[in-house]
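Chains: A, B, C, D and E, in written order; residue numbering restarts at 1 for each.
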């Protein structure tokens, strides 16, 4: 079964690193790919990247892995759309001697892959929610949820984490309504506008990512409510951190796609050279970024954030 | 859907009226295309329907075959009222029609068009169980039919859209002739035909009549009408202006009635 | 929108007749040309393993495109293909997970897909609504329903029978899955239906001119209904094939299947105006898309550039096809 | 695919004549009916502020749908609308960010969009390729090109002029943006073109029967080219409106604009087979979609259920339209 | 694109040949529709073109007007070779044609179809700057034209698809008559017309000739042909079998040549 995987002492130029991200649509993954490219170049490896066409494109990701095995990739870095759909193909790849590392999103079970370099998205959601609740003070919370794509692994983790951190359960009357944004700014704006038309007393807004938050901000502004609402987000893109600095977003939770990508490429190159495989879950961490810290919640300011953000 | 073998006439009370319409009305918006038309087709006759453009001839025959739904009046086949929901019902009753706009599928070939809705299946198990078309036989039949009409055809496998206007009309005429079992209605079947081909179709119409099937022939060609028709139904302004016999009336008379130069009281069947 | 509006009929009509029933040579030549280029770029492309991978990758869209071809031949369009197929995976998955017999579960889910096709066909033929709107509406309805049924999330479907279509067998050095074989069987059967039976003849006739079809006594509405019904059934089989490929029921899967399947049909030379084209072209069209994606990856082309190159090559493919017809 | 294939011509043709040029009453009635229902469900729906929000939300798709209508009237289809519009935002944004004069930058970017339309039209009319494939190819090419230009990421566009269309003004208690006004102006202009000039007459003629148009001496290819060119220009203006609404140039924006704009056109009563329909229907169609989304949120419907209800209501909308025509 | 005012004939060498074709060949795949046809139309004459179905008449006139591109041969207008890239070029040279399949836009109304490609603009600044159509004048002109042909029309704002077959043909004929400035070609213009309407169109053809424009008339109706034509061009199997004068030949002669019953050496222009 290993007939098509070139084994033996490959020189660094021969090492092909495959990267399969969820979509090309999300800047998070675009930046991850760019970081991986840069790292691969530095290490003298060749990166072949592919992505699904949309959140949930399991077939596209499976096909990408198959093609990468055919292309002779030494290792594949994967941000699985939906981990259970990937299990067969991951096994096939590993059986063929390909190192498989999950980036950003863990698989279920986690040991399906050799190693996982990721953020804990649920925890990131908790950070966002806890901050929002605390910062609201003694106001009675009325929350709007700007979700990503219903059913997505990350989307669900972040959403549930926020509610946990906020201290409410799904279906709580404090939730004024939800909208599906697919993580896009225009849909974030439309969703927020309609929710504000419905309930003008909304005072806390969960957003799946910073583009959705930017859209929400535009809507809040057009309703003249930008000052009264606790708008928070997750991602840590430089544009998002700037929005925090400008006071548009109260706080965001930063993640580190560069770090994940670079670590992944390094691991594959190392594996090619020495045959040594990484293992286990490596949390690449998440930090709450805000210039208005609240007691009892650890956070960094935007100066730190701008130094460590991704993008640009 | 059982397709009876072609050329097997459905008998009808041979002296009586095969197809009848009473006081049929059809409106298109504000336009009254048929304004209470009566119509009788007798067994074994060739009935010509003539009239100016827009007099309502095509609408009348569409109403008779279920292709349009009349707003009023009734239609009787062999004396009993029928309600055709669509042309399929009429076809099931053995009525074949050449519509003025031909009703052909342009991208399909001649044989396919000739057998459209009446496709032949292979004999034996291939046909009955596997429902396989008998393309070869359909092609041969098509070739024979078209040859009978003396058409110069490029190839029987040509798409109908690649045919000349007359050739296309030939396909529609051949189709009706092939499958009629009760009566045939032809809406200007020779309009696009050449001299020779027209002669051939006139002969075909006679042959159909001689097979015992009555024929309704719409035509603007008075010499043809007078050559063939047993009776002439004259339409004017959405009504039947008169029914005359070519034996008792001249072409001039008919044209005069048609154009309104001669008035007739509501036409009575001359009972020729 | 494949019957090029500006071309005088003289240029296309002669060939059109040939296309019906006879595989169009144009798309095939394009497929071979692309294959040749990729084989030169990277010898791994022609490895039997890689070729078999391309086939496997074509299974889902290739199968859905069968139903799409039928619908498009009647001058319709189906935006709900992907949603109906996903419906099938989720229902079968739910049932099996709840302990029902796998074969019965799959059969039931194929039935539900057929019913979805029936619903679409009923609205289109019964109420005479435009297929675009009806299938778009059904897409919206199913998208929501799927999320509601699966409570928002995807879930793994681990069952021997449901996954059977993903099992491989060797055919003379060539590894294929049962799914690939099943797809070919479906193509053969529907090809037979389209080209060798009355039913297929009437599909073409309706697509060509619904009015002519009606006047010659074809029960147009009932026939349209049967087309959407059969399409739904095929999408149901597609669900089984999808489970064989990815043992996972995901309400968010196959979102681009509508566009992808239409693309395969159009590249295969079938006109979006109905009545012209054929099934073999569709198979080749689906393969062209698969070959492009695989070949570009093997050539190591950056994914950003892949979209660009694919965009160009799709246009080139159809231009070549068009050219070969004009000469033909 | 709006000219319902199974309907005998008698039922539609009389009305068809009326639709051309005269606004179709069907979609308008549907719009009013939905408005009424939502107003009853939630009185906030009729708040002037909410109505003005709906208009603003309709601006982008409403404008893109103008070009889409033109293309569809010629029996074409445009899958690249969104991509061309985004191209406009990115080019204008890049230029302004690089310090060029905003007005010149915007003008240049409108020019580029027009050129993209020209390229599509050239391939379609020159090489006689199906519009579906050409615009799909251009969609792929632009998607990649946009990501390459913007290096993958979105960037904010903070410029007074580029954002001007988002500024509001009061019109008798009603707050509208200049963008909304500009959209209405575009509708009025293109309506005039379509209904009061030779050019528009020829658009209908080509969509009706390209062969007849050719035979009477209409320069069909050149005319098609001009249609895609004008559409491209409109998408360029759409880019300006998009920047007014969202001061951000995002290569990944407007992904569903192709389907959304086609939906507006079809709900508005224009046939996908070309030659039948009109622009006022499109405006109403776009508004129907906006009203549905807004109204359902105000009614407090869960977003999961919203897709479902929207799917049903879109079908209902077109069914009602169809019904009103049959009576009319 | 300057549209000269209608009814302003373009003069041509009045004794000479206005339109000429030499050895024109047109193939459709394996089918040779035109097999080296010659053709001459003289100033001021009515030239009838007759022949069996599929003889190549329509293909010939399409080749003459640029609607199809011949595979060989040449076409001369007023003695100089022309290469029409499409029907538009022919129209620019003042040639108007009634094609057999009518070339109408079904969903557009009668007036729009009559003026298709020749729309009238408002007078003054509305027309010259704002390019506004003069719908009212077009409607009135259309009403007048159709009334001249004595058609019973439901309403001038009807879509052409809602007309009867003959009415539709009337629109195409009226269009050609309205705009011709050099010559008129009519492919079976009376095929679907009633007796009265046919008479009207024959009169129209004579009137056009009397305006000084030559007319090419394709028809299967021999009496009409003999009534009108100055010369008769007979097509057979994609070639010109003969050109005869109705004064020297009888209908029987013409039909005999057409069907091949009588052989003629490659027809020479009788020079009537």
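By definition in this document, a contact is a pair of C-beta atoms (placed from the backbone, for glycine too) under 8 Å apart; a residue touches a chain by one contact, two chains touch by 3 or more.
Chain-to-protein mapping (UniProt): B, E = Fructose transport system ATP-binding protein; C, D = Fructose transport system permease protein.
The structure presented is a predicted model; accordingly, all values stated were derived computationally and were not measured.
Engineer: Can you list every chain that touches chain A and also touches chain C?
Structural biologist: The common neighbours are D.
Engineer: Validating interface symmetry: for the copies chain C and chain D, is the fraction of residue numbers used by both over half? Same or different.
Structural biologist: same
Engineer: Distance between chain A and chain D based on Cα centroids, please, to the nearest Å.
Structural biologist: Distance between chain centres, rounded to whole Å: 33 Å.
Engineer: Averaged over CA atoms, how far is the centre of chain B from the centre of chain D? Could you give it in whole Å?
Structural biologist: Between these chains, centre-to-centre, one finds 48 Å.
Engineer: Taking each chain's centre as the mean position of its Cα atoms, how many Å separate chain A from chain B?
Structural biologist: Between these chains, centre-to-centre, one finds 72 Å.
Engineer: What parts of chain D, by residue number, touch at least two of the other chains?
Structural biologist: Within chain D, the residues that touch at least two other chains are 8-9, 14, 147, 152, 211, 214, 304, 306.
Engineer: Give me the residue numbers in chain A that touch at least two other chains, ranges are fine.
Structural biologist: 24, 33, 150
Engineer: Could you tell me which residues belong to chain E and also touch two or more other chains?
Structural biologist: Residues 28, 67, 158, 162 of chain E touch two or more partner chains.
Engineer: Which bits of chain D are touching chain E when the two form their complex?
Structural biologist: Within the complex, chain D contacts chain E at residues 9, 13-14, 16-17, 20, 196-199, 201-202, 204-205, 208-209, 211-219, 275-276.
Engineer: In the complex, go through chain B and note every residue touching chain C.
Structural biologist: So the residues of chain B in touch with chain C come to 67, 86-88, 90-92, 97, 99, 102-109, 112, 116-117, 119, 121, 131-133, 157-159, 161-162, 175.
Engineer: Any idea which chain D residues touch chain C in the complex?
Structural biologist: Touch residues, chain D against chain C: 1-2, 4-9, 74-77, 79, 123, 125, 127-134, 136-145, 147-148, 152, 206, 210-211, 214, 220-221, 224, 259, 262-263, 266-267, 271-274, 304-308, 310-312, 314-315, 318-319, 322.
Engineer: Within their complex, state which residues of chain E touch chain B.
Structural biologist: Chain E reaches chain B through residues 28, 30-31, 51-55, 58-59, 100-101, 151-155, 158, 162-167, 170, 188, 191-198, 220-223, 237, 255, 258-259.
Engineer: Which bits of chain C are touching chain A when the two form their complex?
Structural biologist: The contact residues of chain C facing chain A are 42, 44, 47, 49-50, 53, 56-57, 60, 147, 150, 152-156, 166, 242, 245-248, 250-256, 293-294, 297-298, 300, 302-304, 306-307.
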